[in-house]
Structures are given as structure tokens and as C-alpha cells.
Amino acid sequence: MKATAWARRIFLLLPMAFVTLFLVLPLAFMLVVSFWKRSVINMRPAFVLDNYADFLTGTRLPVLGRSFLISIEATAIGLLIAYPIAYFLARKARPSWTRAVLLLFTVPFLVNYIIRTFAWAYLLGRTGPINTLLMALGLPGGPVDWLLFSQFAVLIGMVSSYMPFMIFPLWMSIAGIDERLIEASWMLGAPPSRTFLGVTLPLSLPGIFAAVIFSFVGCFGESAVPVILGGVGYQLIGNEITSTLDVLNYPLAAAMSSVVTVAMLALLCLWYLAFDLRSFLGKILSWRMAP
Amino acid sequence: MSRPSMARGWIWAGIALVVALLYLPLIPPLLFSLVPENANEGSTTLRWYGEMWKNPLLTGAMVTSLEAGIIVAVVTPILSLVAATAIRELRVPRLVLLLMLLPLFVPGVSMGLATALFFRVLGIAPSLTTISLVQILWALPFATLVVLTAMSTFDPVYLEAAYMSGADRWRAFRDIELPLIRPGISGAATFSLILSFNETIRTSIVQGPLNTVQTYIWSTYKEVGLSPTLYALMTLLIALTVGLVGIYLVRGMRRA
Amino acid sequence: MQLNTELTRRDALKVALATGTAATLPLWAYPAAAAGNINFADIGVGDPGGDWSRYTQSSSYGVNLVSIGNAPSAILNVLVAGGGTGTYDVINIVGGMQKPLVDNNLIEELDTSKMPNWAKDKNISEFLAPGAPGFQFIGYEGKIYGCPTVLQGDSFAYLPEKTGELDSYAALFDPKFKGYVALEDNYTTAGQKTALYLKASGQADIKNPDDMTADEFKKVIDFLIDQKKAGQFRVIWSSFQQAVDLIVNKEVYVIDCWEPMVFVAKSKGVNAVYADPKEGYLLWAMAAYIVKNPKRSPEQEAAAYQLLDFMLGGWYGAKITTMRGYMTNTDAPDYAKAHPNEFSADDAAKVTSITENVRRKFAKGGTWQNRWPTVVNIYESEWSRFKSA
């Protein structure tokens, strides 16, 4: 191989080296610590499964289940809202409008997430504007309690935080679909629904993949929304890890983090198995014929 | 009105509703930014919009947030572009993608802690560098996926054509590919900036002698309450960006 | 020099920011910093609005304040993992953290003779001296590590129009207010207050609410879980702002919280009362610790001590009391009264009334917040059980 080809290869390895250095190595250390033994204030090297047993048998495990469930729900709702919007913007709207709308979706995120989430608490409260409006409209039975400090409030907080992140990749992959494929399907007499299911949807898989990851992982790691909108001790796994760190229980925190990371990696591997990577990165993967 | 254009109207109404819901939580900060300190000082005041420049903690935090935001928004898209190219060209696309997504899979506080400990091992003192590094690490998966999505719609036939007409790799990239995936790169930059502007958990561990707007908000929110100046700052930020988007929109429509 | 280039670069950006908005920065936004800066990590309560000019005049050092969280995890993450030991000189947090901080070699023992104001402060000699129960906020194994910056006695707040007069923690668990009660998400405040109530009302046999055994704390949690399942609590709050809004918006009528939240609510025109419970108060103090750093120069070390002494002084104390609503030192009321050009008559009266009121609470007693009880692990895991129940 020529020297320039080698240089190029090394250049391409840079991002991987970056992640390996600053994340993979620290994570390896975290994995080691998760097997350590905790003493009163410190920890000492050992190989025990106590921390995993503690996590997987105690009251903390349901929190993990709840984190998965709420993330799936918020992602599903987000996808149902984001996909039609992205589809419309990509196929039906004028480009100048599309860009403006996409920008409008990003602007609210310049406001700090705590202040945004906190604003929801105000809006949804028993004496907040929404309840005041409902009562003015003559809703019987006093203010609606379940608007705030409930599963509903957490879902509102999460969907409004992560749904807009989904629109952009969806829009990009739908906009990138070759118009001729859709026209061909149409000319062959397929009804719009068949064209959508047979052509558009599969070809927008890369965008769906990115969108689902953004939302699912974002919700899963969310620690402000459950605390501000969740009510009586609504915890997600991030809050639980912080709580164990409060008493310097590093081995348990490391064990919990390791379980989460491994579970996420397992999900990604399942995705790898279920879908050929080529089906959504198709074109760019098949292309290796450069000089 | 014809049926398609009516359907179109309904869809625009739906989009407007979703946008309205997203902007709804921006209204309370706007209102709170106008409320005077004491109930007996009248109903509204613009005092906080002047006051926020007089708090050295807040102005210092703004500078740091801006610096970190710019660094993250510039470096991350470049790194992610290289990463996406690596996924395309190296023979282990799954492994590269997995590595790039890894920062997403680790709970925030654990990632912050693990990375911070590693900075100590390497002897990197907490500074703007460490703040930027953890934020780049956090934004990288988002940026990579956005760039990948853009690339996935790009037809390599164009590149082949460029090679056949004698362009070298760099020329082909610069003249053919880059313009076509530009929305992906600007999207990656926007995502990175937004993520940097919202990152607290990882940043707070390595902030060292600096405050960012985010860590400052988090700390005061927890222990002493949000000052109206923070609502003023957020409102100003939104007013400025909405203004910019508005100008952009008007210019785009004039051109069209 | 590293420090100077850093300053000029930031100043240039600041000027750009300021001129860009046609606003001007007051002079003290630029620390005069002839000699250097003290890096001061603080949870927000210790910030006198950015004005350190009086300290700079006497020490020729500036103060670079870094806002951090007060959770033990936030503090230890920043010090242990974040390299804070090499960065921060002084860290000002809620006291009682000596055990984890000393055992991990993160803070210095204090030489009180280097702080002339130490001996003058009656709060220290009466409430926090070795032998007093409050010593746990600043001392560990007989040695002094923390310089007390703020003292307070907590109970709960209520809206008298909705509840009538209340004088017992029983209100937090009274079925009359079902669904209109909020607790703090903190086992050393809400947990200890509940224990104080259960002990005083004879519902549980708890020897010492300040430092419960595993079994005792489990009883407290079992009680709280029963209450939670019955729908007693609307929310478990975890931030100052959240609690203020719960009161101001009348989302709840009885709330386990801190007194300054009531001051803020009152300033918004809400008639809220901070209760004077018959069981007593949850007493606590904030402490400023000098972070252990063998590389710190003797001059820097001396300036750190000067900062602690400054914080025990009248101006700083009065300023923090007016701004944050907590008692500071006993020099504060006199200083505020004697300097009408610096503190208005209203502010001086506020400092006096807050100081007298908190001193009364300390004299009355109750339970002393213990941030690091013997079985702190059990506290944490049991509290987690309560939250996920």
C-alpha cells in the first residue's frame, strides 16, 4: 500500500481512537470496579458479584424496567408524530418552508432543558393555566390532578424533549429517496399505501434508525424530567445511579452502569442481527471501488 | 378549494399545533422574566434584562458556554464526517458504528465520572479543554448518525463519474460529495451546539474553575432558586434566534 | 503567564458581549486580582452577588466563584474525579461532610487562630463548639475542619388559609391534607423530621433521630411508604425553585421545606407561614472547608484563611442574610445597623429578626441534621425503596 493510503487509514481511525481513549478505557476501568468490594467509606479490589446481586435482586431493578418502558413509549409516540411531519416536509412542502420549519423545531432547544421542563410543571399544575382554562370551560370536579406529577407529565416532558430530534434524520432520509423509485411504483399501479409501505418506508430506514436511537437513548438517560414532572419519587435509572453515588457506593454505581451499557449494546446487536446493516446504510457500504 | 390543497391545509395546521406545543414551555420563562422582585413593585419590569449583564458569574458562564458551544459545533461535525467515512471505507462498519454510538449507551453521570477519572490519569487539568472534550464525546453519536443519514441518500455513482473524469479523492469529495451532504453537516453542527447548550451532568464534573450557563442554572435551581435574570437570558436567546429564523425565512421567500 | 492570557482573552469576549448588547459591566466584574484568585466552589448560598471588593481590598486576592451542586455525589465527583483538589481552594457546602472528606484526604484541618473573627462569633461558641451537638457540622474526631458560614433550623411551611394554624409535623401526615403535602427528596431532612415526629408522638421507638440504626430507619420508611400508598403526598421535591413554586402556585398546602422559600413566597404576595413545631427543628449549618492541596503556595493558603475570616465578618454575614435568608454570624446584625450607607434600615431589621429567630430555634433544639449517619448506606437504599414503592 502507498504511504498516502496508510496516512488516510490512520486519519480515518482518529474518531475511533478518540472514543477508545476517552471512553472505552474508562469504561473498562468502570467494569473492573463493578466487581470490587465496598468497605465503609472506600472500596477495595476484589472479584465479587455482590454489587450485581444487590442491583438485580433489590428494589432498584424495577427502576430499570420502568426506564425501558417509558423510553419505548415516548419513542413510539415521538415517531408517530415526527414521521408524518418529516414525510410531508420532504415530499410535499416547498424547500424554503421546509428549512424554516426545521429551524423552528430546533430553536426551543437553545433554552436550557431544566427551564423548559420546569415550565411544563407550571403549565400543568393544579392552579396552572391549563387547569384554569379547563375550569373556565366548566369542567366539573375541580382541577385535573393527573396532568402533573404523573406518567402523563413525564411522557409530555420526554416527547417534547426528544421528538424534534427525530424529525431531522427522518426528513433527510425521506428527502434523499430517489423520486424515480416512487414514480415507478406509482406507474406500476401500486396504490399510495403500497408505495409507502413497499418503497418509502424501507428506504427511510436509516433515518428511522437514527431517530429511534436519539429518542430512546435520550429518554433512557433523562434525569431531570422524571424528577421535575414525575411526582412521588418517580425515578429513572440515572437518578438511581446518582443516589448510590451520594453514599460513595462506587462499586454498585459501576455495576448498575455496566448493566445498562451492556443492555444497550445487546439491543444494538439485536438490531444488527435483525436488519442487515446494508439495508439502511446500503449505498454507502456497497461503495468501495475508490482508486 | 380542491381536496389536496385542503388536506395540505390540515397538515400545516397539524404541524403548527406541534410547533405551538414545543413553544408553549417558552412562554412561562418569558412571563417570569418580566415579574418584579416584590409583589408590591407593580406588574411588569424590564429590569432583569439589564441586571443579567451585571452578574459576573452569569456573564463569565455565558462566555464559557459560548466558547464550548462553538468548539463543540466545529469539531464534532468534522470528527463525525471522518467517522462516517471510516464506516464506509474500513472493513468493520459495525464495529466503527458501535464505537461511535457508545457514548449514548453509558448513563450520563457514569460516563462523566469515568472520563473525568481518566483525565486525571492523563494529567489533564479541568478546564475549557475537558469541558469541550466531554461535550464532543456526548455529541459525537448524534452528529455521526446525522452525517450517516445524509450519506446514505448519496449516490456513489456521482463519485465514480468524478473519478472517471480524472478528479482525485479530495477534489471529488470537495466538489461532488460535500455539497450533497451539506445539510447533514450543518445538521450535525446544529445538533452539537444544542447538545452542548444543554449538557450539565458530564460537564459539572470537569468544570474546574469555570461555570457554564448550564451548571450555573443547575446549581442555583437546586439551592437558591432561579433568578429572573436567567429567564431573561433564555427569553433573549429565543427572541434573537427566532428573529434570525424570521429573517432567513423572509429572505428565502423573496428569493423564491 | 497563563493566568494573564486567560484573563485578557475572557475580558475581550466579555467586552464584546457587553458592547453587543449596549450594556456595561460594573468594575468589580473584573477581579482586581493583583496577587491571584481564590477558587471558591459554592452551592449558590455563599455568593454575595459577585461583590468581593472588600475581601480584595484587604487581601489583594480576587475570588473566582464556581457554582456546584450540594449533593454528596456532586461534591465528591468534582473533588475526586474532576480534579477539584488541584483547582479549588475553598469549598462551601452544607456541613457534616467531614467523614467522607477527611477519610478521602480531601480537606485540611483548620487552624482557628488564623481567623480573628472565629473567637468573636457567638454562634460558634454556643452551638457549634466541641462538645455541642452542632460540632458535627464542622468537626471530626475532635478536630475542626469546617468554618460555619450559614446556620438554620428547618421545619415545614403551610398556607394558613387552607389549613388553619399548624404546630406539629403531624400535619405532614394528616389525612385532612391528603394529596396536598410535599416532602423533600432527602433522607437526612425529610427522613429525620419524620423520625422526630414518630419518636415525639410515641409511634415508633427511636432512640436518636440524629443517627438511627438500620431497624429504626426501616420503621421510618415503612411508615412513609404506608403514607405514600394512601396518596398522602403530591410530590417529592428536589430543588429550591420547585418548592417555591409549589407554595406560590398553591399546588400543596403543607410542605416540608426550608425557611427562605417562605420568604420568597411572601415576597410574591403569598400568605405562607413557616411552622414552629412543638417537636422542635431540624438544625443544620453550612461549612466552608479548605481543600487539601500540598502544592498550594503559602501566600495562597494565607489568602484562603483570610477568605474564611472574611466570611465570618459582619459585612459578608449581613449581605448573605439579606440575600439568602439564612443566619450567618452574630456580628452581622450589629454591622448592618452600624452601616446605614451599606444596608437599609429594612435590611438591617431583616438581619436582626432572622438572626434572633434562628438563634431561638437553636436554643429550642430538635434534631441535628446528620449528613453522614453511621448506617448511611441503609439510609440511601431504604430511601430508594420509599421512592420506588
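Lettered A, B and C in written order, each chain numbered from 1.
One rule holds for everything that comes next: contacts are C-beta pairs under 8 Å (C-beta built on N, C-alpha and C of every residue); 3 or more make two chains touch, one makes a residue touch a chain.
These figures come from a predicted structure and were not determined experimentally.
Number of steps on the shortest path from subunit B to subunit C, with steps defined by chain touch: 1. Across every pairing of chains, the maximum count of C-beta contacts belongs to A-B.
Each chain gets a centre from the mean of its Cα atoms; for subunit B and subunit C, those two points are 34 Å apart. One simple way to say how far apart two chains are is to compare their mean CA positions; for subunit A and subunit B this gives 15 Å.
With centres set at the average Cα position, the gap from subunit A to subunit C is 36 Å. Touching of two or more other chains is recorded for residues 109, 113, 117, 218, 221, 226 of subunit B. Of all residues in subunit C, those that touch two or more other chains are 71, 73, 77, 238-239, 241.
Within subunit A, residues 118, 122, 242, 245 each touch two or more of the remaining chains. Across the complex, subunit C is touched by residues 41-42, 58-60, 62-63, 118, 121-122, 125-128, 145, 148-149, 227-228, 231-235, 240, 242-249 of subunit A. Those residues of subunit C lying in contact with subunit A across their complex are 71-73, 76-77, 99-100, 103-104, 179, 185, 228, 233-236, 238-239, 241-242, 245, 249-251, 376-377, 379-381, 383-389. Subunit A makes touch with subunit B in their complex at residues 9, 11-16, 18-27, 29-30, 81, 84-85, 88, 92, 94, 96, 99-101, 103-120, 122-123, 160, 164-165, 168-169, 172-173, 175-178, 206-207, 209-210, 213-214, 217, 221, 223, 237-238, 241-242, 245, 253-254, 256-257, 260-261, 264-265, 268, 272, 277, 280-291.
In the complex of the two chains, the subunit B residues touching subunit A come out as 8, 11, 14-15, 18-19, 21-29, 79-80, 82-90, 93-94, 96-111, 113-115, 117-118, 133, 137, 140-142, 144-146, 148-156, 159-160, 163, 169, 183-184, 187, 190-191, 194, 197-198, 200-201, 213-214, 217-218, 221, 226, 230-231, 234, 237-238, 241-242, 245, 248-249, 252-253, 255-256.
On subunit C, the positions that touch subunit B within their shared complex are 10, 13-14, 17-18, 21, 23-26, 28-29, 39, 43-45, 47, 49-50, 64-71, 73-74, 77-78, 81-84, 86-88, 238-241, 244, 260-261, 264, 267-269, 324.
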